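Per-chain residue numbering starts at 1, and chain names A, B and C are given in the order in which the chains are listed.
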Amino acid sequence: MSDFLTIKGITAGYGDGPAILDDAKMTVQEGKVHCIIGPNGAGKSTMMKAIAGMLPLRKGEITFKGENIAGLRPDQMLRRGIAFVPQERALFPKMTVRENLRMGGYILNDDKALSSRIDEIFDRFPILRERADQHAGTMSGGQQQTLAMARTLILRPDVVMFDEPSLGLAPKIVREMFQIVRLIADTGVTVLLVEQNAVMGLRHADWGVVLDLGRTLFEGPSAEVLADPRIQELYLGGQKVA
Amino acid sequence: MEQIIQVAVLGIGLGGVFALMGAGLSLVFGVMRIVNLAHPSLIIGGAYLAYWGFRIYGIDPLIMLPVCALVLAATGVLFYKVFFERDAKSATYSEMTVLLTFAIAMIVEGALGAAFSNTQRVTSPSYATDAFFIGNVFIPKGQLYAGITSIVIIGLLAAFLKFSRLGYAIRATTQNREAAALLGVNVNMVGLMSFAIGIGLAGAAGALTSFVFSFFPAKHWEWVAVLMSLVVMGGMGSILGTVVAAFSLSIVAAFVGTWIGSTWSTMTFFLALFLVLLFRPQGLFGEKPELV
Amino acid sequence: MSDAMQETGAVLEARKAYNETLRIKADQTRATWFPITIMILLIALPLLQFTGNYNYLLHMVLLTASYVALASSWNILGGFAGYISLGHNVFFCIGGYFAGMLVARYGWSGIALAPLAGLVAALFGYVIGLITLRVRGPSFIISSIALVMIARLLFDHWKFVGGANGVTLPPTELSVQWAKLPYYYAMLFIAAFTVWCSYKIKHSKFGLGLRALSKDEIKAEAAGIDTRFYKVTAFALSAFFVGMVGAVWGEYLTYIRPSIFLVILIAAYMVLMCILGGKGTIAGPVIGAILLTAFNEFFVATMGASELNILGTGVIMAVCLMFFPHGIVGSLARKGRLPRILNWD
C-alpha cells in the first residue's frame, strides 16, 4: 500500500518457545492513530516488541520508508524514528522527571539540543515542568504515563508505539491519555497503540486492528471495526462483562 | 563528652573506608545483579599492590591509590569478560553468579597466599602511626587521611553518576534495564564499565586499607560479611543506602568497641543485618520486598 | 490453520507425556543392588585390620562418609528448596560442641549423643531459618555467611567452651587397631541414613513442595503450599544431619575447636560437592563428595600448601559452575547417558 511503514507476515516467539505471533500483519498510514485490540494473551504486546526490535523475528517483513528494518536492535529503530513505550514500568523511578527526559534523548549525545528539546516538551506538557525535579516513581499513574509518552517525543520520532497507556488508570485520566495521543498525532506523528478497552481505543483511533491467537483477524477504519457485528459480539460485547 | 566525640571521629574515619568498599560492591550489584563475594578479596589484592609499592619503591600508598584503582579496574574487565559476560539471561543467573564469585574469591585468596604467604602485613608510611590532637580529642592521621580520601572519592563517584552521560546510563540500567536498552543504552557496555569502576573502587579501597588495617590473604572473609551486611542494609544496589549504612554502623561499632570490647565491634554489623532481615527485608533504601 | 496447529501441539504434548511415563517406568528398574553392595563391602572393610594396619584407608572412608552426609544434607535445602547456604558449617559446629562438651564434662559417648546433637542443631536451624528465610537469593546467601562470622566470634570468645583453643576430649580406650571402628561405623551409618532420608524426602509430598517453591515461590504459595513452613522445616532437617556428623567428628578428632568447624572451606565443600555431583539429585552429592575428598587428599599429598588447595578448589568450582552447572549426574541425565547404577532418584 503506502511505502511508509509495512508490517506483514510477522512470526515471533520467546526463546525456543512456540510462535506467539503467527503471520501477523498490519497496515500503517502516516500521521494516523492505529489501535490494536484483542483479548488477553492475544500477542498484542509481543507484536509491539517484535516491531520495536526487542524480539527477534522468525519470519516477516518490516519496511520503513523503503528500508528493510526487520531484525534491527531497539536503538537502531530509535535512530530511524520509531519509538516504543512498553507496557508498565517504562520509567526510571528514582530519576527525576527531567532526568527521565534526558534519558529519552540519550542517543542524541548533544547537551544543548537536548536541553532545548526538553524545554519544548515542558511547554507542551506543563505538568511535567511543575514536577521537573520530582522522582518519577513518586508521581501519579497518569503523570507517569504522560511522562513516558512525552519522553518518546524528545527524539522527534515519526512513529510512536504505546502498549496499553491506559493500564490501571481511572476513566477520567484515560480520556486525558487519549487526548494526549490525539495531540501527538496532530503534529504528524504516526501512533500505534494497544488497548484493552477496545471500544474506547477504537473511538479515539483512525484505524483498528483485531489480533487474536497471534494472527490479524481483521483490520479497517476504526468506525468499521466498531460497527462490525461479528467483532462486536466477540471482542467488544464480551468486554463489558469482563 | 570528649570521649564520645573521640569515638565518633574514629567511627567516621572507618566508616569512610567501609563506605568506599561497599560503594563499589553496590554499584556492581545494581547494574549486574551480581553479589560479588570476591570484592573483598580484590580489596586485599589492591592492598598488596600498595604494600609492595611502598616496600620496594617507597611510594606513598596515597599516591599508589590511582595505580591500584587502574590495575584492579583492568582486573575487573578481565573477570567480566571471562566469567560474567556469558548467559546473563538464565533463570538461576543470580544464584550461580554468587557461587561463581565465591569461587573467584577462593582463587584470589589462594593466589595471593601462594605468592605472598599468610604473614600479616601493613603499609607503614609515617602518618600511619602518627596522630594529632584537637583539644583532647585524639585523631590518628592514618584513619583521618583514609577517611577523607574515601569521602572525596565517593563524592566524585556521586557526581560522576549524577552528571556524566555514562553515569546516567549506569543509573538507568540499574533502575530499569529493559527501558534503558530501549532508549539506546548499550547495557552490556554499561555492565562492563560498572565492573571496571566497581572493582577499581575496590583497588582504591585496598590502597587505603593497606595502612589502616593489617591484612593477609584470608582476611577478606572478615570483610565479606561486614560489607555484605552494609549492602543488604542499604537495600541491594542503592549506593546511597550502602554509604549511609557504612557510616552509621561504623560509628555504632566504634562505640561498641570502646565500651563493650573491641572483639564485639564487628558483631554490630552482623546483628544489624539480622535486625534488618527481620524488620525490613528490603533494606533501608530498597523498594522491592523480596529479592528473587 | 490455527486449529490444525493447535492439534499438532496437543499431539506433541501427549507424545511428550507418554515418553515421560516410559522413562519413569524404565527408572523403576533402577539398580538398588549397587548402593547396597557398596554398603556391604564398606561394612566388611574393617576385616582387613586382621591382616595388617589399614587405619589410613579406614580414615579416608570415614572422612568421605562424613562429607557424603554433609553434602547430602546441604542438598535438602540447597538442592531441593533452592536456598543456597554458605554457612551450613554452623550446624556442624553446634552438633560438635553440644556432644563434645557432654563428652568432656560427663564422659558420655559422642556417638550415642549424635541424634540428640542433631536435634539441637535442627532446633537452631529452625529458629535461624525463621529469620533468614524471609529473604531469597543473594540476601539469603549473605545472611548465611554472616551466620558463620557470628558463630565464629561467639565460639572464639566463649570461655565456657574454651574459646579459640577449644576443648580436648578424652581419647578412646580401644587399641590402635580397633580405635577407629566405632566412628567408622557411626559415620557410615549416618551417611547412609542421610542419603536414604534425602531420597525419601525428595519423593514425598514435602519434597515435591520444596521443588515447587524452588522454581517459583509465589506460584507455590498460590497453589496452597505453606512455603514458610516448608522451607524452615527443610532448613531444620538439613541442619539435623549436619549436627549428627559434627557430634561424631569432634569425638573422633578428640578435640573441638572453632577452627575445625567454622572455616569457610568446609561450607564451600558442601556446596561444591553438590554442584560437582549434581545439585538436587540423590547420587550427585555422594559422587561429588567422593571425588572431591579424593582430589583434596591427592592435592595435599602432592602439593602440601593449603593456599594452593584453596586456589585449586576455587578453580574447580568456577569451572563446574561455568561449564557443568548441572553437575555430573545432572548433565548425564539430561543427555540420557546416566548409567543405571548411578540413577538413585
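Quick note on the criterion: contacts are C-beta pairs under 8 Å (C-beta built on N, C-alpha and C of every residue); 3 or more make two chains touch, one makes a residue touch a chain.
A quick note: this is a predicted structure, and the numbers were derived from the prediction, not measured.
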Could you tell me which chain lies farthest from chain A when each chain's centre is the average position of its Cα atoms? C
Write down the pair of chains with the top C-beta contact pair count. B-C
Which chain is most central here if centres come from C-alpha coordinates alone? B
Inter-chain centre distance, chain B versus chain C - centres from mean C-alpha coordinates, in Å: 32
Between chain A and chain B, what is the gap in Å from one C-alpha centre to the other? 42
Approximate Å spacing (C-alpha centroids) for the pair chain A, chain C: 52
Of all the residues in chain C, which ones touch at least 2 other chains? none
Chain B partner contacts - residues on chain A that touch it in the complex: 52, 54, 74-75, 78-79, 84, 86, 89-95, 99, 102-104, 106-107, 109
Under the touch definition given earlier, write down the residues of chain B that touch chain C in their complex. 29, 35, 37, 83, 86, 92, 94-96, 98-100, 102-111, 113-114, 117-118, 217, 221-222, 224-226, 228-229, 231-232, 236, 263-264, 266-267, 269-271, 273-274, 277-278, 281, 290-292
Of all residues in chain C, which touch chain B in the complex? 82, 84, 86, 131-132, 134-139, 141-143, 145-146, 148-150, 153, 156-157, 217, 264, 268, 271, 275, 305-315, 317-318, 321-322, 325
Using the touch definition from the top, list the residues of chain B that touch chain A in their complex. 165, 168-169, 171-172, 175-176, 178-186, 287
